[in-house]
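There are two complexes below, and they share chain A, which is joined by chain B in the first and by chain C in the second.
== the complex of A and B ==
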């Protein structure tokens, strides 16, 4: 009986489609965040002079309430998935870039000297020595970003991006406790699951390359 | 156009809600962290709980409260306290438990009791970790306090959701911009406080 009710609720509110929508926005946001965050991290690492100002700006963005950041993008980007993904990226640049930069700078001088003495160029040192050794740190940054992005994609339901925020909202506004409990538990489980997956990737990278 | 009085009232509600919750969370978290220090089991429960709960999106937690405790100011306050408690306990515990054992031995050697070691040695040395948790929690309560407007807590979130529903950009910004300013101001304030309280190694 209970299972039957759950199934009906699941179908009535299209939770399969909502989940797919949610994961689609999540993946796009995560990939973009990793690409941009990593690029910014490498850039800051190479131009240490500007790192102070970069981090000051990124830290300030980080203090913005996520929902406020999301809605101030609406006048510029309209509603839907675009402001949601943008807010995810703005929020995730800091943890990924900071960890990339710390990871790249933290590689021990011994490794670098050894690499140079066998004739590696600056570029090769970065690509073949620093980046592999910084991978565990980078994964740590991505893990923080995964949690942020999951939260903001859920908020995206409030600004017309679809996803699992929509059934949560419907449940709150129409007072349907069962819907709230089911979709809330489901979002929570998904978030914990993804966090767990990234945590295990982080762990295996640490065993392979860990210097921390 | 949004009346300035509306924005001020909403801001005050917002500040009251967020920072009452933060204050209560800090008051609760200190004894919890101290207890976790002496009980490994409690520590692992607190840590696992904190890590899991932090992964769950805020909107899901806010929504969960509705069927369980209802809507209004107090349910919102409870969500905020729960949300802020975990990072503060977690960081305080990390700070307290990672004090250099050499320092603890030295303190025990000059005859300090367990209690004195906790309050006079561990706590001051745990300030940096504690502040990291506090600043994170302050940002978190501020952002969740915007969200709790959908369960009737009032505050700046009301303006934001009103603006969203009516596609009224001015109302939207009248809620969002003060929320951002409050967040930046509080974070700067806490950073200043941290600088004054944390022992500076010369």
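== the complex of A and C ==
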């Protein structure tokens, strides 16, 4: 009876479609965050002089409550997936960029000296030595971002982005405890799952590249 | 990137100085290094030898003076091109932990645009040269290497593109004495095969005399004397040189010493049962940094096998007993002079020391000692 009810609920509120929608936004946001966060991290590493300013800005963005950040973006970007993805990226740049920069700086002086003394250019040192050795740290940053993004995408349901936030809102506004329970648990499980996936990637990177 | 020079005719250091906050690391140093020679710079730590070495490949830029290679001031060279024309080996080795042994050695050839088949072939060649079987070691992680093995790979990496000049900064300094001597012997042979110009920094006078065609003594930021080993011994320019080459003053009283005083104690890792397969024993010798295996049968010494010989014969399917050779054997109470004379006559690099038929130590020959006998 319970199973039957769960199935009906799942179908009535299009939870399969919502899940796919949710994961689509999540994936786009995550990939953009990694690309931009990594690029910013490398930039900060290369322009040490400005790292203070960069981190001050990123830290300020980070202190905004996520729901506030999301609604602030609406006047500029409208409603839907765009402000949601933007908020995800703004939030995730800091952990990814910070970890990338820490990882790049943390490569031991011995290895850098060895690389330079056999004639690697700065670019080759970065590409062949620093970046590979920073990958475990980068993965650590991505792991934090995964948790952030899963939360913000869910909030995106509030601003018309779709995804699993929608049935959650429906459940809250129409007082349907079963729906709240099902979609809430489901989002939580997804977050745990993706965190686990990235954690295992981080672990294998650590075995191959780990210097920490 | 084009090689700046294919051969070294000469390297001239003209009045080079390096100041670090008010005091000289190197002061007004003049030195001419001839193409094809191995020049050793020796001195205590802080004497300026490493700084001098680093000024050759511009890891350190001199504050005064010039470094001229084959007639050209090194400041006119592109610094990356200069370093790619010069091999460099350091004590900490600095193998890249995210690359396996083969990738470490093949990095520079790869960046130089060699095709992968050629890189692979070169890596195998180099691993053979430094006595690491390519079939086992090319794909091994650098984290699984012992100190001696790392240094071998470091050397292979430095000479991967066959640079005409090699700079070595205390490459064997972190190794235990037996292994250090083993690697020195092997390196002397590799050096002969390469026929390259080498500048070598050390603080070990035995190493300097063993490897150097000429030796430059540094003290307190200055080069105090350069010459062939015997010139330094017979005609030291100052007390500093005299005391350094004479650091083995104890050998003046050689007659009073017995084998016991100079032998190295035997550790169980040197002992191998006669039935051990050569390939297996060789692998263990590599893992434990053992240069000489003492082969035992029924608690008796059946002979010894140098690692180099085990390496050469690892594919023949023999046991250690089959390839073991009778070593020179001394007793701890034998006078050192007799032992050294016999070693010298036999052309052996080591002898076994036994007491009541049980092995207790190894006596390694030493060029300085040999010369004094």
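The rule is short, and it goes like this: the second predicted complex is superposed on the first by the 212 of 212 C-alpha atoms of A that agree within 3 Å, B and C clash if a C-alpha of one lies under 4 Å from a C-alpha of the other, contacts with A are read in each partner's own complex, and residues count from 1 in each chain.
Note that a contact is a pair of C-beta atoms (placed from the backbone, for glycine too) under 8 Å apart; a residue touches a chain by one contact, two chains touch by 3 or more.
Predicted model, so just to flag it, every value in this text is computed and none were measured.
S.K.: For the combined arrangement obtained by superposing on chain A, do chain B and chain C clash, or do they fit?
M.R.: By the criteria stated at the top, chain C and chain B fit after superposition, with no clash.
S.K.: Identify the partner contact of A:208: answer first if only chain B is touched, second if only chain C is, both if each is, neither if none is.
M.R.: Second partner only, chain C.
S.K.: Under the stated touch criterion, name the partner, chain B or chain C, that contacts more residues in chain A.
M.R.: Larger number of chain A residues touched: B.
S.K.: Considering only the touch criterion stated at the top, classify A:126 as touching first (chain B), second (chain C), both, or neither.
M.R.: Once the two structures are laid over each other on A, A:126 reaches no partner at all.
S.K.: In the overlaid three-chain picture, which partner chain does A:181 touch, first (chain B) or second (chain C), both, or neither?
M.R.: In the superposition, A:181 contacts chain B only.
S.K.: Just checking: does A:74 make contact with chain B only, chain C only, both, or neither of them? Give me first, second, both or neither.
M.R.: First partner only.
S.K.: Could you tell me if A:172 is touching chain B, chain C, both of them or neither one (first, second, both, neither)?
M.R.: It touches chain B, and chain C stays clear.
S.K.: Please indicate which partner A:65 is in contact with in the superposed arrangement: first for chain B, second for chain C, both, or neither.
M.R.: first
S.K.: Taking the superposition as given, does A:147 touch the first partner, chain B, the second, chain C, both, or neither?
M.R.: After superposition on chain A, A:147 lies in contact with chain B alone.
S.K.: Thinking of the overlay built on chain A, is A:157 touched by chain B (first), by chain C (second), by both, or by neither?
M.R.: first
S.K.: Figure out whether A:111 sits in contact with chain B (first) or chain C (second), or with both, or with neither.
M.R.: After superposition on chain A, A:111 lies in contact with chain C alone.
S.K.: In the superposed model, how near does chain B get to chain C, counting Cα atoms only, in Å?
M.R.: Shortest inter-chain C-alpha distance (chain B to chain C): 24 Å.
S.K.: Any idea which chain C residues touch chain A in the complex?
M.R.: Within the complex, chain C contacts chain A at residues 1, 57, 59, 80-88, 90, 92-98, 107-108, 111, 157-158.
S.K.: Within the complex, which stretch of chain A touches chain B?
M.R.: 60, 62-69, 71-72, 74-75, 147, 150-151, 153-155, 157-159, 165, 168-169, 171-173, 175, 177, 180-181, 183-184, 187-188, 191-192, 194-195
S.K.: Under the stated contact criterion, what part of chain B meets chain A in this complex?
M.R.: 51-52, 54-61, 63-64, 66-67, 139, 142-143, 145-147, 150-151, 156-157, 160-161, 163-164, 169, 172-173, 175-177, 179-180, 183-184, 187
S.K.: Mind pulling up the chain A residues that touch chain C in the complex?
M.R.: Spelled out, the residues of chain A in touch with chain C are 110-111, 113-121, 124, 128-129, 132-133, 208-211.
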